[in-house]
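Two complexes follow with chain A in common, the first pairing it with chain B and the second with chain C.
Then we have the complex of A and B:
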C-alpha cells in the first residue's frame, strides 16, 4: 500500500482545515479592528483599545463571573454523582442496571431545547425561582454524562480483582479507595471534569430556559451581537472564551492519551 | 493440632445457583491442598470464601480455630495470588510488593527491605523499579507471589495461578511453588482445573463437582481409588463401567473405574470393536465399543495398535478394576 498521500488528498485536507479554522481566525482579527459598528473586511485599522474597553465593562465581568461559578459548581456536582453512578453500574449487578446507564447518558443525546423546556416547566411546577442554582442544575444534567462516560470507561478497564487484592493485603475500604481506586481513575476524572467544565462554559440553549434575568457569558455575547455598539468587545471576549474552553479540552486529551496500558493490567 | 482452614456446612448460593453446596472440609497447617474441578464446580468460590471476598449463605469457616465467617478480607491471616495477578498498575514492582506493609504502617526503609527480600525469594532481584506492564506473564506471576508472601500469611491461596502461562513455564513454576511451600511450611490452597497439576503438586486433593466435594484424598487415592464415577472420569479420564456390566463381570452391583492404561488387548472377559483411534505422541488411544459401553484403551508406544473396525478382546490385571461401592450415582 502506498503510504504517501496524493496531491489531491493533501489539497482537500488543507482546504477542510482552512474551512474549519479560518472563521475562528477572523474573529481574532476583528478583535483588533478600529471599526466598531459593522464587521468590515479588510479592517480599516488595527488597535488594542478594545481590550481596555472590555476590561472596564462591568457587564462582561458579571457574565464571566457567573459562567465560571456555574461551570465550577456543575462540574463538581457532576464529578461526585457521575463517579458514584459509574462505580455502581460497573461494580454491581442489579435489576434495571442497563436502564440506569441509558437514563444517565440520555440528557446529552436529547436536544438541549428539550432539556431546557422540561427543566423550565419542572421549575415552574415546583415553584422554584430562577437563580444561579437553576442554571447549575440545568448544566449538571449534561456534565454528569461526560464524567460518567469517562469514569465508566476507566472502571471497565480496571480489573475488579485490584480492589480485592488491596483488601486481601490488609487495606480497609477507605485505604483501598485512597491507594488503589483514586490513583487508577484520577486521570479519567480530570479529563471528564475538564470536558464538563468546557461544555458548561459555552452552553446557551439550556441556559436560556433556566437563567431568568441573569446572563452567562455566551448569552451575553448573543445579546451583544444584535447591538451595534462597541462590537469588537464581543470579539475580545470570544478570544477569552476560546482560550478558557480550549485549554482544558486539550489538557484532557493529553491526560487520557496513552493510558490504555495503565488500568487493568491482567494477562 | 488445629486445622488451618475448617468448613462446616458451608454454602454459597447465587440466586438459584448453588456455587458451593454444604461443604465440610479441613485443611491442615503446612499442607499443599488442591481444589480440583471443572469450571463452575465451586472450587474458586470456595477459595474466595476463605479469602473473605464472598460471604457464605450458610455454614461457618474457621481459620486456625478462629471463627472467620463474618471477618472482612483485611482481617484474615491469609493472602491470595490472583488468577489475573491483580498487580496495581500505577505502582512499580517494589511498591506493589510493599503495598500490604505500607497499608499496615511499616516504616519506609523497613518495607523497602522486606519487599526486596521477597523479590529475591521469587528470583526477581533488581526488578523493583519496573512497572508491572514491563514484565512478562511469568514475572508478573512471581511479583504477585512475592506480594502475598511478604505479608507472611499462615495460609496462601492460589487461584489458578499458572493458567495463563505456557506449558514449559507452568511446569517450572509447579516445581518452584512446591519447593517454596515446603521451605515456608505454611498451607497452600491451590485451585486448578488441571488434574495433572493437581496430582503432581497436592499433598491432598479435593475434587469438586456442582458445588459439592466428591472426594478428598491423596493424589494416589483419587487416581487409583475414585469414590464416584465423576472423580474416575474427571481425574485421568478413566472408564466408568456401568453397574450391570460390573455385575456380569465380578458379580457386584456397583459402577467401577477401569484406567485406560490398565487394559491389555489380547485375552480377557470383554470383547468389542475398535471404533476410534487417536495418536497422542507417547501412546495411542483407541476406543472399543463393547455392546454399547465404550471403553478407552491406552496403548504405549511400541505396542501393537489394532485397526479401525477390528474385533478385540480386552483384559486387565487383578486389582485394576476399582469398584465404587460408595457411589450413589
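Then we have the complex of A and C:
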C-alpha cells in the first residue's frame, strides 16, 4: 500500500478541481472587459467603467433588494421550523419518524420544477395572487432541510443527560433552553442559517413559478441569459453574486470546522 | 413536591414528553403538510384531468387520457432523451468525482485537506445561474474554447467532433455535448462530497490488509474501495439524476432545440396552457425518483446524505 498518491491520481484530482473553478474565475475577467457586444476572448482591453454603470442601474438594485428580503424572511422561517423538526426527531423515537425525515428531504430530492409547478397550481386553485409572500412560501419550504440537517447533526452530538441534569437542578424549560440547549446548538443554527440564506438568494427554478412579474436577482440574470441585452452589466452582476454567496458559505464552514459534521456537505 | 414551583408549564412538559414532542413537531408538519404536500397533491390531481381539444379548456373529469398522451412518439422522445441525459451525466459525474474524492479523503492532509474540501463546497453553493452563464461564455463562438483550439492549431479536431451526428452540431453551444458539459459541471460537486464522506470512513488498515493479502492496487480498488464507496456514489447520484431530470434552464440556454422534461413542463403550463399534460409530465420524475430513492434506501445511501 503506497502512502503517496500515484501521478495519475494526482492529475485527475487536481484537474477535476481546476475544471470546477476555472469557469467561475473566467467571469471575474469578463467583468473588466472593454468589449460590450460579444463574448470575445481574450478581452481586447480592461476597464472599471462597468462597475459604475451597474451601480447606477435601478433595476439591478430593485432585484437585489427583493432577493435579500426574500432570503432573510425565508431563512428565519426555515430556522424556526427546521430546528423544531430536528429537536423532535433527534430526541425521541416515535411512529412516523422516518416518514418525517423523508418529508423534510423531499423538497430538495425531487426536482425543483416539481415544487415550482405544484405551488403555482396550488396558488391558482386557491386564488392566491403572486406577491413577495408567494416567493417566500416556496423558498422557506426547501430551506427547512438545510437547517434541519445541521441542527439534527448537532442534536445527535449533544448528550441528553445535559438536559436532564439541568432540569434535575431545578431549571425550567426556558432556562434549560436558554442556558444549556442554545449555547450547544448556536453555531450549528448559524451555519444552517447562512446556508439557507445562500440557497434562497440563488434560487431560480422554483422562483420562476412563484414570482409572477416580480424580479429577484436570479430572475434578472435568467432574462439576460436567455436574451442578452446588457452583457457588461450581467458580467458585473455575476461576479458580485459569486462574492456575495461565497461569504456565508465560508462563514458556515469556519463555524462548524472541527466538528464531525461540517456544514455545507449537502445542499 | 410540597413547595410551590413557579413553572407549572415545565413540570407538565417534563411529565408528559409526548406533549412536548407534539408541540415541537406540529409547526413544521403543518407547514410541510399544507404548503408542500398540499401543493404536490394539487398537481397530481391535475394530471387526471384532461384538456378539451376543441375549446382548449380543462375538463374536470377524471381520466387517464392525459397519461396516454405521454406515450405519443414526440412526448415519449422527450422522456427517453431526458432519462438518457440524466444517466450519462450521473455516470460521468461519478467517474470525474471519484479521483477528487479519493485523493481528498486518503492523501490530502492539513492545508490541502481544507483546499480540497472548500474546493468542492464553494462550487456546490455558488450561484447556479452564474455557473451556467460562465459556460455560455466558454462555449461562445468567439469564446475561450474556440480560441484555445485555434491557438493550438487543433481547430480541425473540434470540427471533426462536431461533424459526428447526434452529439455534434453547428457549434458546441447548440449541441448535446454542450448541454452535457454544462450539466456535468453544474452537478459535479453534488457527487464529490458524498463519495468523499463515504471514503473517509474506510479504515486505511483495511486497504493495507488487502495489499498484504496479495491484491494488486487495481484489485483493491475493485473489490474493497468501490463497494465501500458505493453508498456515497448512490447518494450523489440521487442529486445528479434528479437535478438533471428536472432542469429546464440549462437545455434552454446551451443545447439543441429538442426539449427535455423540464422544458416540456414549463411550456405546457405556461404558453400552451395545458396544465394537465404539464402535470402528467411532472409525475414522471416523481415516479422515477420514487423508485430510485427506494432502491437507494435499501443500499443504505441515506446515511450519506
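Remarks
Please note the rule applied: the second predicted complex is superposed on the first by the 251 of 267 C-alpha atoms of A that agree within 3 Å, B and C clash if a C-alpha of one lies under 4 Å from a C-alpha of the other, contacts with A are read in each partner's own complex, and residues count from 1 in each chain.
Here is the rule we use: a residue touches a chain if its C-beta (ideal position, glycine included) is under 8 Å from a C-beta of that chain, and two chains touch if they have at least 3 such contacts.
Being a predicted model, the structure only gives us computed values, none of them experimental.
When the two structures are aligned on the shared chain, A:162 is found in touch with chain B, with no touch to chain C.
For chain A, the partner touching the most residues, choosing from chain B and chain C, is C.
Legend: residue contacts after superposition of the two complexes on their common chain; A:56 is shown touching neither chain B nor chain C. In the superposition on chain A, contact is made by A:121 with chain C only, not with chain B.
Of the two partner chains placed around the shared chain by superposition, chain B and chain C are both touched by A:172. Looking at the shared chain after the overlay, A:184 reaches chain B, while chain C stays out of its contact range.
Once the two complexes are laid over each other on the shared chain, residue contacts for A:141 go to chain C alone; chain B is not touched.
By the touch criterion defined above, A:205 reaches chain C but does not reach chain B.
Shared contact residues on chain A (touching chain B in one structure, chain C in the other): 167, 172, 262, 264-267.
Residues 1-2, 4-5, 9-10, 12-13, 16-17, 19-21, 23-24, 26-27, 30, 38-42, 77, 80-82, 84-85, 87-89, 91-92, 94, 100, 103-107, 109-115, 117-122, 125, 137, 140-141, 144, 167, 172-174, 195, 198-199, 202, 204-205, 208, 218, 221-222, 225-226, 234, 238, 241-242, 245-246, 249-250, 253, 262, 264-267 of chain A are the ones touching chain C in the complex. Residues of chain B touching chain A in their complex: 51-53, 72-74, 78-80, 82-90, 99-100, 102-104, 132-133, 137, 140, 147-148, 151, 164.
On chain C, the positions that touch chain A within their shared complex are 6-7, 9-10, 13-14, 17, 21, 24-25, 27-29, 31-33, 35-40, 42-43, 46, 96-97, 99-100, 102-104, 106-107, 116-138, 140, 142-144, 147, 185, 188-190, 192-194, 197, 204, 207-208, 210-211, 217, 220, 238-239, 242-243, 245-249, 252-253, 262, 265-266, 269, 275, 278-279, 282, 285-286, 289, 293, 305. Residues 159, 161-162, 164-172, 175, 179-180, 183-184, 261-267 of chain A are the ones that touch chain B when the two sit in their complex.
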